[in-house]
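Quick one: the structure is below, and I'll ask about it shortly.
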């Protein structure tokens, strides 16, 4: 069912790559030839993007068979076979590049996430994503975060309340209390209210106003430790801002509940995966 | 006019982020408030993505004014103002994240490209892209490559002929000659014929068959030097496969005409750009 | 900005009504004639749907001017002028029916909501909607609920967690506790967890498992009163199931926090609004 | 084939309900669980909407099997099984609400129509619909009218000519004759010409001008009786305006051919239909 | 307003021509250059397609100004200026070919129609079109028919009833009477019933069954003359099948009301119209 | 896979023809009836459009079976059976007209092309198409050209460089050399550079600047002969402008490589193909 929501980006990716047709393939590969392809890891990582990869082949030619050998979220080593594909040679060659573009990129996000999750193992902290995702890839990257062992922040602006500095500036005086009240009054009762704070004083205001979640924006670890003590479990605490792989453990050790990392989606390098074919010319 | 082709990805990005509406903003920011925002570089780089960024604001609210201070392709230093935006506070806050996602990512591609271009300065080689682009972002990333001083390979499968190993395998014996002839017979006369070779023997075959462009796949620099000598300007030579920032100069020094680098689009980190607002509550 | 999300239903409604063109209007009304129309209430109610109504005219002809005289959420009496429209006679006549279909129907939802809200005035209870909305009209009907003084439940399946009997059946033994834990583990931390219960025993289980919101499904008022006492503010309580205008006050008097009423959207009659034109033939 | 025209509204309804995914179901229901559901009437009525209901399940998951037990247009009593559905539990639970929204609403239209049709049994009059339909649901509601035993007026502005007061005002003096001539000259010969009149004098004008169908707008029954006698079968007569279930028989007894009732589509309450599941966890 | 229905084909035509961008224009024409273009007839004809032509330029660049010098339906001679266009040189050059493709083709349809209309001048017969139109161009070609002085048959399958031989075969014995009754019972009362006959016997059956319009399929002129006498104005008669420019007058002289000609849309040659530019490089 | 790119025009064609449903068929043909249809040529020609024709039936009803008897590019004589179709009678009758519109028109293009190709047999010249195609039909008409034995020019503006008079005017002095350099600098290296010239002097300039292809615009045959001699194989030469069936052989005899003919797509008459059904009423 995930495919329901990924039609648009899969179609867009195919459309921009195929254009009016794969001239090279159509002129050199006989219509009757078949091909068998093997997706093989060339570096270690965590798999993600199988649905999109399958959808790419399916959309190009519904007679192509795509079979994963590992599941989303599984770790792999160089040389591991991740999936195989079989079908008319023209179809699989035409779809090859777009399929790899999805699989390499999404596995890149899952792999980066898994590194961060491993780094905070044993602490209370969840590694979560942000809205700093690739345009058009939001749903797929959110899934990749989960495949890497992370958790999701809200998907977008309509399924979570997050009051930030600009909202506070817009509502005027006594802004933390008033903005929390305004959000709670207007929003569905199914949503928690999260507010961003930059100091322990603001943290106190947020607690007094009954915030469900409090984002600690660019705070030093020692300040975060104090925040954790002060809140003492009465609200969730999210560390945010400039957290790197090098600093994430120290942040987690402060006792925060959530650590959001934009780099998981905006700067994760693609994982190297090859797709090698055997062509059967059918002679 | 570029906007003609980028509607789909801009709409998709907004749709996935806004969902059914920005609950936080709509409940905390008065409808009459206005906001002025400043895009400011936090690290050095080369600008790209202004059209998409402008289109994001325009699509959310056509009364928002977006004004760039630099042009696509311009270099910037930390602290430089890149653009300003002004309009209804609700609209600009709702659009903020998606706008930044485009601008940071595309400037990331331009910035990476500029580094490679600088690395080969003084040689004959063009830095070119590949089809290893982000799904949905092909056109915008191709433009970012140009903004960084690079050149484009074909956009997709229909505007260039590139005969690769799998095509050769599919066409059978005497494959280089026969595939070049087949492509030339079938394709519009406006397209050159490029073929991928892995050895100097194949290079000779490709030359004999009249290839216009020859891709040297994963060749050692010394082999490429021989290829350049052997071809002596009668065809364009493209170096491809595993070329990194560290190795690109050595490759360029072989005398090849084109160096294609997948990492420019599949693994370029986003550039850090901030967007700071002043909110005018209109009281 | 609301128009961003209502394009699809406005276009669909126009497309199905206009088909290949308004033959009657195009053959009888001169191209140069103009028309001024007055939207006037024929029965009392609460206004909703102004954005959609404006968008209908705008989409048919961007030169048409639509000006509301009251705002969404305003009450009106028979004879009140709600809005006026002016433009090329062909355009406004072609758009008339679809415009009225939106305005009458959405004002019908707001009007029904206002009656329920009035009925529970002075109690603690919010009147909320359900997902029993008209296909295609979700966003507009959710807004109409707010215009009538009600509040929204989640918009759809992705912006709220609501564990119902079928989910409990699917997860097996000790289902309330385990399903709440499963949802909390999987879902973004921004979402509260709501669970449906049918007895006070289940209510106890839900409280023990830390549910944020508990839906009391088809409970008798006296049982709900006990539930309110037992929970004592530690979770929100939603009354649901078969609540009518006749019974809603009794339900509210039990002290529940939320009362959801499907009839607000699935069975509210349209409000009677007329649109009368003066045609200026321009002679 | 009806599904050809209903894709858009089915997709829109699913999109607005599913959003980015059914979090509750996906976190509590195992992927391997199956569910069998029974659609059962809770009040009497006439069935409509089976194609749309089937399409909802099909679109969410093509492996779901939907089997109707009655046909569109069949009457049912409380307790009757209308249809059954079987498939992956996640899929059917995710699709449930949208499926019911279509079936309950369209059966509501068919049921209301059947009541009116029954009320005029034995007379010459057809019960017909209007363009006062739910945005996006035109085709489905038009079919529901037929399932209830009614007939359709034109689907939209392009498949019928109906000259109304505003058209007459726009064409100026001697308007009935001139507008009928203008329409006949401009329109395809396949369409009849219908004109709205408010008095017997206008009726005479319309007859003299050769109208094929004459709409009697808000006429008293005794006036309509005179109109029927005066026309004497030379044109079809449609009664229109403010006709209720209470007055429809008296109108039919005047001998008119057609009675149009806007309330059939703009204000018919949904029929109460339940969907109960058995979940098979597959242990 | 016509543009409402032509968006799809205009966008499709631009998309297939522009692809990912006009490389030639973008690399040779400065961004600041402007161009003024003159559409000039190179052969005589009747103009049609101005809305589509204008929409092409508008869609590419909303700052382009397109001004027609003649109206749709006006006759022109070689050398006549039909329209002028002015705007950014890149935009108008990119749009040029698609704009001409619409204008030349649609003027071709109008021109062919005008020849047939002229050929039957003085008779009772209307020249009408068929459904043998160019895929995607139905609405525009139907308008071109009117611009040429012809009239339209039904637009498509839903706005007219036309019972043909296959329908008769499907309904079985006594097919003409029974099919007319079935259509009249099922269809909106706004539609006339037309039936195709191939003999005078069938004509009698159709008259007896009350057909509103009768299509005389591939009848000899003398048979049509008899049909006209026999019907004597009680139904409309349409001549159809194999009618050419050479034979159309003889057919019209039989007294039939309507003559349908498929060649008007399926085989009309394009009219030769040139578009000459003056480029202002802005130096 | 061709169907990937033809969805849009097939859907558009069906949508404009079917509208809200085939009233005639649905009221006269029983739902259980089946039909077998035979596509038979009524004049000689070359077949094209089988994929689109098949897609039309498939889109209306996936249970319809369409089986071609000849392939695209095969020649046929009057009476030849081209394809057969079998399925539910309602479905095939509803799809009939659109299916024929594609097949007749595209076979018309292939047939016209084959005549031109035959006319230049024995010469060096390829018959090629232009961008003067039917809006929406670009891909299908390009394929029809190939089926007729012709070759394709570029598909659109993004897959070929063609510098025309207006581009030369825009770039200013020394325009041929400078525009070729500009295009080569900006365009992907996969594209050849073609330039339009009107004199032998311009030809010399183009050769000096290294043009890959040179279009001889409206040149007299004797001038073209000189051009061929002067170029002597160092570039491809395309004859263009006003070439008719009568003149094409003379042009080919000059020795040019390519002859582009706009009439192949803008003015080719449809081929006459009939579709005759046998209806099985299933009694």
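By letter and in written order, the chains are A, B, C, D, E and F; residue numbering begins at 1 in each of them.
One rule holds in what follows: a contact is a pair of C-beta atoms (placed from the backbone, for glycine too) under 8 Å apart; a residue touches a chain by one contact, two chains touch by 3 or more.
The shown structure was predicted, so the numbers you read here are calculated from the model rather than taken from an experiment.
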item: Fraction-based call for chain D against chain A, same above half, different below; value: different
item: Higher-contact pair (C-beta pairs counted), A-B versus B-E; value: A-B
item: Chain centre separation in whole Å, for chain E relative to chain D (CA means); value: 33
item: Chain D and chain F, separation of their C-alpha mean positions in angstrom; value: 44
item: Computed distance of Cα centres, chain E from chain A, in Å; value: 52
item: Multi-chain contact residues (two or more partners), chain D; value: 16, 18-21, 94, 138-139, 155-156, 158-162, 187, 191
item: Chain F to chain E touching residues, read off their complex; value: 8-10, 12-13, 16-30, 33, 35, 52, 89, 93-94, 97-98, 100-102, 104-105, 108, 131-139, 155-164, 166-172, 179, 182-183, 185-188, 191, 263, 266-267, 269-270, 277-279, 281, 283
item: List of chain C residues in touch with chain E within their complex; value: 14, 18-21, 59-61, 90-91, 94
item: Touching residues on chain C, where the partner in the complex is chain B; value: 1-2, 4-5, 138-139, 142, 155-156, 158-159
item: Complex contact set, residues of chain C against chain A; value: 126, 128, 151-155, 158-162, 187-192, 194, 212-213, 236, 238, 257-258
item: Contact footprint of chain F on chain C as seen in their complex; value: 16, 19-20
